[in-house]
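Quick one: the structure is below, and I'll ask about it shortly.
In this document, chain identifiers A, B, C, D and E correspond to the written order of the chains, with residue numbering beginning at 1 in each.
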Amino acid sequence: GTQQQKDETSDRKEESLRVASWSQPITEQTNLLVDEEKGFFKERGLDVTVIPGAGGGDAVKNILSGQADIAFTDPGSLFFALDKGEKLKVIYNVYPQNVFNIVSLKEKNITKPEDLKGKTIGVYSLTSGTRQNLLVMLNQAGLSEKDVKIVETGISNFAPLMQGQVDATAATDTGLLVGKQKGLGEVNVLEVKDYLNIPSDVFVVTEKTFTEKKEVLKTFLQAYQNSANWMIEHPEEAASLAKEYAIDGKDEKQNLEIITLRNAASVSSLTEEQGLGAIDLDILQQGADTYEKLGLIKTRLNMEEAITGELIHKK
Amino acid sequence: MMKNVQLYSFLLFIVLIVSWEITAGNMSELVLPAPSVIFFTLIDGIKSGYFLPHITRTAAEIVLGLFLGSLFGFVIGLLMGEIEFLRKLLFPYVIASQAVPKLALAPLFILWFGFGMTSKVVITALICFFPLLENTVTSIQYMDKQKIELFRMLKASRWQTLIHLKIPAGMPGILAGLRVAVVLAVVGAVVGEFIGGSEGLGAVIIASQAMMDTPLMFASLLLLTIMGMGLYQLVNIIEKIWLKPYKKGSKK
Amino acid sequence: MMKNVQLYSFLLFIVLIVSWEITAGNMSELVLPAPSVIFFTLIDGIKSGYFLPHITRTAAEIVLGLFLGSLFGFVIGLLMGEIEFLRKLLFPYVIASQAVPKLALAPLFILWFGFGMTSKVVITALICFFPLLENTVTSIQYMDKQKIELFRMLKASRWQTLIHLKIPAGMPGILAGLRVAVVLAVVGAVVGEFIGGSEGLGAVIIASQAMMDTPLMFASLLLLTIMGMGLYQLVNIIEKIWLKPYKKGSKK
Amino acid sequence: MSFLSIEDVSFRYQGKNAVINQANWEIEKGEFHCLLGKSGCGKTTLLKIASGLLPPNEGRVYLQGKELTEPSHECGFVFQSPALLEWKTVMDNVLLPVVLRRKTTPEDREKAVALLELVGLCDYLNRHPAQLSGGQQSRVALARALIQKPSMMFLDEPFASLDAITREELQEDLLKICQLEGTTVLFITHDISEAVYLADRVAVMEQGEIIYEADVNLLKPRTVEMRYDPNFNELCLKVRQVMGGGV
Amino acid sequence: MSFLSIEDVSFRYQGKNAVINQANWEIEKGEFHCLLGKSGCGKTTLLKIASGLLPPNEGRVYLQGKELTEPSHECGFVFQSPALLEWKTVMDNVLLPVVLRRKTTPEDREKAVALLELVGLCDYLNRHPAQLSGGQQSRVALARALIQKPSMMFLDEPFASLDAITREELQEDLLKICQLEGTTVLFITHDISEAVYLADRVAVMEQGEIIYEADVNLLKPRTVEMRYDPNFNELCLKVRQVMGGGV
């Protein structure tokens, strides 16, 4: 079927599509960046531009202001925007697995969320997912923001941990990986996914884009699926291409490890069943409810309205 | 003419606000909130006392940082202006301290100065010290040769020449540096609070960005602008008092 | 004495580097990498061509932003210095544009100027325009009354008085503003790249932070410092050429 | 109709006593008038009012019948202090009035060189003002005023910092130039014999008022011998007495 | 041993021709010497060398037998242009030399007022220099030099911008003060009769060389009548001739 579709689209004019990312072009997004080389999108008549951003909020704002069509953002930013009454649609689940964790040095003996009580915990920045996921984790353990001291440590958040200025620090799996390489010794890791596995990143569009550009979006998602599959199947090739296309891709070995982690985060039991990008409504609804309970958002969100799986090419 | 300034200024303000309001109407509040929304957020925040601790904190950081930064800038400016040796010796480090974005050094600042107010004050001081330094160095160097000869003839020490000649004669330039410094101090404090602050308007901005509460962010920016303007005007008042004798006859 | 500056400067540099190396030895590379490590990272990055596109990009942004920013700062400074009406009218907006941290306005900048180089250039220009404006306004205001009378007597137009009197006489102060501006331009470009840049040294810094590649970050900071120093020295050279006649007799 | 006429002019610096008090003065075309007076009596102020630099608080100034509200194109001015631009060479300082009006031509440069030669500074063309002696600076200022060929000249103690010999040479030259071009001159000096030697008419000011005026009835062109003429000495003495000096 | 002695002094401004050429000069304690010369001949330069402001390229200057390498505490200087600090009042300008040495006392202020009265400026104590006329500024500079009671004074055309009457009054006052305090004076002027009237000894410079020197054999204290003394006139004429002027 793919071959046929390719032929159909190739005589159409190239459709341009702008993806607002939450970050700069980084290794974990290699599949999105190597279109020049691999042509996942080009072959389907898509001219994809990736707009860099500083956080998921930027990505959402960029689609709201019409600077981009698709936002590559985290559920937290999504919830916040929905809370403000914006009409958005989640169309694809990029990383169904939650990649956030709480890291502490072995000697602190923090093995379960309850142990965090009264501790100083570093987060990358108040804007980042690290803080929200930390709160989610605390919430699961019956703790609140008041029971701990959250400090912003900037992005090199393992340094204060090693220096002993914080007892624990919220991080991502890739962060932890790099941190370990940089000599972070024996650590305890609490993974958020063990408590509430809210997806890490999703593709979001405005309702307007959704209704007006359905076909293009469909094509895009299919191409993205292909590219993600390619990355899962050929991590070495992706790692070596990242050297050229990703800003942080200097070290091929490290690229490979990051890509492996991201590949793992891209699949879940649901995706095994339905194909990459499948969205789990329940878990997102749980996430939204938790956010509301935490006081991060004011209204109760009905995620059903904001989620649609109809654009995803099912298995 | 001058009486009309107020009028025109007011008119321009109204025009800008109205066109902003209109532009914002066509846009998501998350991207650009309308001035009216910002205004009500601000009023609410002030009434409820939400802003108070943040304003106090940021103001304290600005004042302290500005004081330290401009004092250092001025004193080191004097030293570097007077002693060519020091000028040549220190200048690369001064530039390095300025060309490096402070945000990038966050972990180091936290390591050295902790999470508390100190690191923010240091960053503020570091940011606002340069314009004062540069202007001081320059202002005390271009001196009327005749006056320098007068002071040499009167056997004034280097210190006396500074106090009685170079500083007063360079005052207009030094105050221009101070005006730049006060405005940069505002930015400095906020950037400091971006890096691991939990209180202060910078932290409010970051938090409001995280929660995508753009009106709150703009309200904080408004407060910062007001602070900056207040400080700037304060320097102007000082200047008016201090420089009255310069203007006598030297300006129409 | 002056021949020794180089020596002392070098000695100070060595002392600093060595003590840094020692301090860094007791510390995780994540917090403070040793200068030797930074140096090799830098050399590697340059050899492998990794830095080249980033340097080019950032340099282009700095140069363009600096050009626009200082041109605007200078021209608006002249206008505001000459016309009190404009000074009073525009000053609140100038302060507002400076007291607001640019980082907070990222989405707006992207909205208005796109996500390409333009938004970074605009941010750079916005950051470096203020010191030049302020110094220009100040420098062209304190004029020798006698010379102003001379120009009135010669029936020089306002424009001619600016060109032939106020600008040349205010040049030392204006150049001090330019020196502050060039250094701020470096920070401006990097901050611009923090806000969603995919190329440039600012983006490298952010990426290196995410990768916890502190040596890479410091190598980038080093490159920025070198750029800042180069620009600063350039202004000094311009000053030396331009201001030679001022120094004749007016300085020992 | 006089070339320049000052009518009932009064002036006070902000919030201060009157510096010029009901002054009246008329200068016919081509005449050379000298104004004398004690230091601080208001000579410079009156000159600035007459040239349109300062607006009088009361009274009017007419140049060729038109009321003067700002400096006129036809007037040249030599200030009491040289007021040279430090960043320009001597040559460029002299050419300044031309540069402000139009592009300079090679003739202008020749003219400038000729004038600098006249004031004895042709070796100093490329120097900057800070490299000149006090008297040399004031001579540059004089050359700058002359390059415009103004039809009316205001001179405020132009020779004050010159030695007797140079001063006398320049007096001759100035008289010659003015006669040649028909320039009308208002000249301030504190040297009585200089005033009498140069002027067609002298006036003495005291505390903002013109308290004495007299025609100088000496032959023109003046010669050095006239300085020893009894008429000349008598007039000098008279002026001295008016100014309050003893014999 | 002379109070001040200048020995074989030469000076050139950077890369230029010699401005002072092998100059020699001696001044005994309490003497009043006047230096004359055409504009630009090097008078100011020589004065700066004699006071220690400029180091000579060749030769030496001795003050009271000690070689002078920098300005001495005992010297006062009046520059050719007033060099007042614009941001200080007249009073504070006059007090500057005192302020730089010690805390001012009420006596210092009285002294300053007395000196300002002497130069005719007691109504201007609180003005700023920009609010004074040219001559008033130069009188403030004179008062500033006198407040130190220096044992040696260097005066560079201090009276150049003063009218004849004020100038004569100040000449008298200066002579009196110097006589009273035994001040040694080196005085530059371009007014020949002023030089002869004031000086115990006059010298004429030309192109950096002292080409003429003569004692003035007039009684002391000088009186106004002496200006009409034949001796006086003869000496003036002689100096004029040396300076290159005709009769």
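Everything below uses one rule, namely that contacts are C-beta pairs under 8 Å (C-beta built on N, C-alpha and C of every residue); 3 or more make two chains touch, one makes a residue touch a chain.
This one's a predicted model, so the numbers in the text were calculated from it and none came from an experiment.
**Student:** Show which chains lie in contact with chain B and also with chain C.
**Tutor:** A
**Student:** Tell me, which chains sit next to both chain C and chain E?
**Tutor:** Touches both chain C and chain E: B, D.
**Student:** Which chains share more C-beta contacts than any other pair?
**Tutor:** Chains joined by the most C-beta contact pairs: B-C.
**Student:** So which chain is the furthest away from chain D, centre to centre on CA atoms?
**Tutor:** Computed centres place A farthest from chain D.
**Student:** With chain centres taken as the means of their Cα atoms, state the distance from chain A to chain D in Å.
**Tutor:** Each chain reduced to its C-alpha mean, chain A and chain D end up 84 Å apart.
**Student:** What's the distance between the Cα centroids of chain A and chain C, rounded to whole Å?
**Tutor:** One centre to the other, that is 37 Å.
**Student:** I'd like the Å distance between the centres of chain C and chain D, where a centre is the mean of that chain's Cα atoms.
**Tutor:** Chain C and chain D have C-alpha centres separated by 50 Å.
**Student:** Cα centroid separation between chain B and chain D, in whole Å?
**Tutor:** Computed from C-alpha means, the inter-chain centre distance equals 50 Å.
**Student:** Got the chain D residues that touch at least 2 other chains?
**Tutor:** In chain D, residues 81, 130-131 touch at least two other chains, as defined above.
**Student:** Give me the residues of chain B that touch two or more other chains.
**Tutor:** Touching at least two other chains: 31-32, 107, 111, 144-145, 194, 209, 246, 249-250.
**Student:** At least two partner chains per residue is the criterion; list those residues in chain A.
**Tutor:** 61, 65, 154, 156, 159, 163
**Student:** Identify every two-chain combination in which the chains touch.
**Tutor:** Listed in label order, the chain pairs in contact are A-B, A-C, B-C, B-E, C-D, D-E.
**Student:** Could you pull out which chain A residues touch chain B in their complex?
**Tutor:** By the definition above, chain A touches chain B via 55, 57, 60-61, 64-65, 76-77, 80-81, 84, 86, 125-128, 131-132, 150-154, 156, 159-160, 163, 165, 296.
**Student:** Per the contact definition, I'd like the list of chain B residues that touch chain C in the complex.
**Tutor:** Listed in rising order, the residues of chain B that touch chain C are 1-2, 4-5, 8-9, 12, 31-32, 84-85, 88-89, 91-92, 95-96, 98-101, 103-105, 107-108, 111, 130-131, 134-135, 137-139, 141-145, 148, 172-173, 175-177, 179-180, 183-184, 186-187, 190-191, 194, 202, 205, 209, 217, 221, 224-225, 227-229, 232, 246, 249-252.
**Student:** Going by the contact rule at the top, pick out the chain B residues touching chain E in the complex.
**Tutor:** Per the touch definition, chain B meets chain E at residues 144, 146-147, 149-156, 160, 164-165, 168-169, 171, 243, 245-246, 248-250.
**Student:** With touch defined as at the start, can you tell me which chain E residues reach chain D in the complex?
**Tutor:** Interface residues on the chain E side: 13, 36-40, 43-44, 80-81, 120, 131-136, 139, 157, 160-168, 190-192, 224, 240, 243-247.
**Student:** Note which residues of chain E are touching chain B in the complex, please.
**Tutor:** 48, 51, 53, 70-73, 75-77, 79, 81, 83, 85-89, 96-97, 99-100, 128, 130-131
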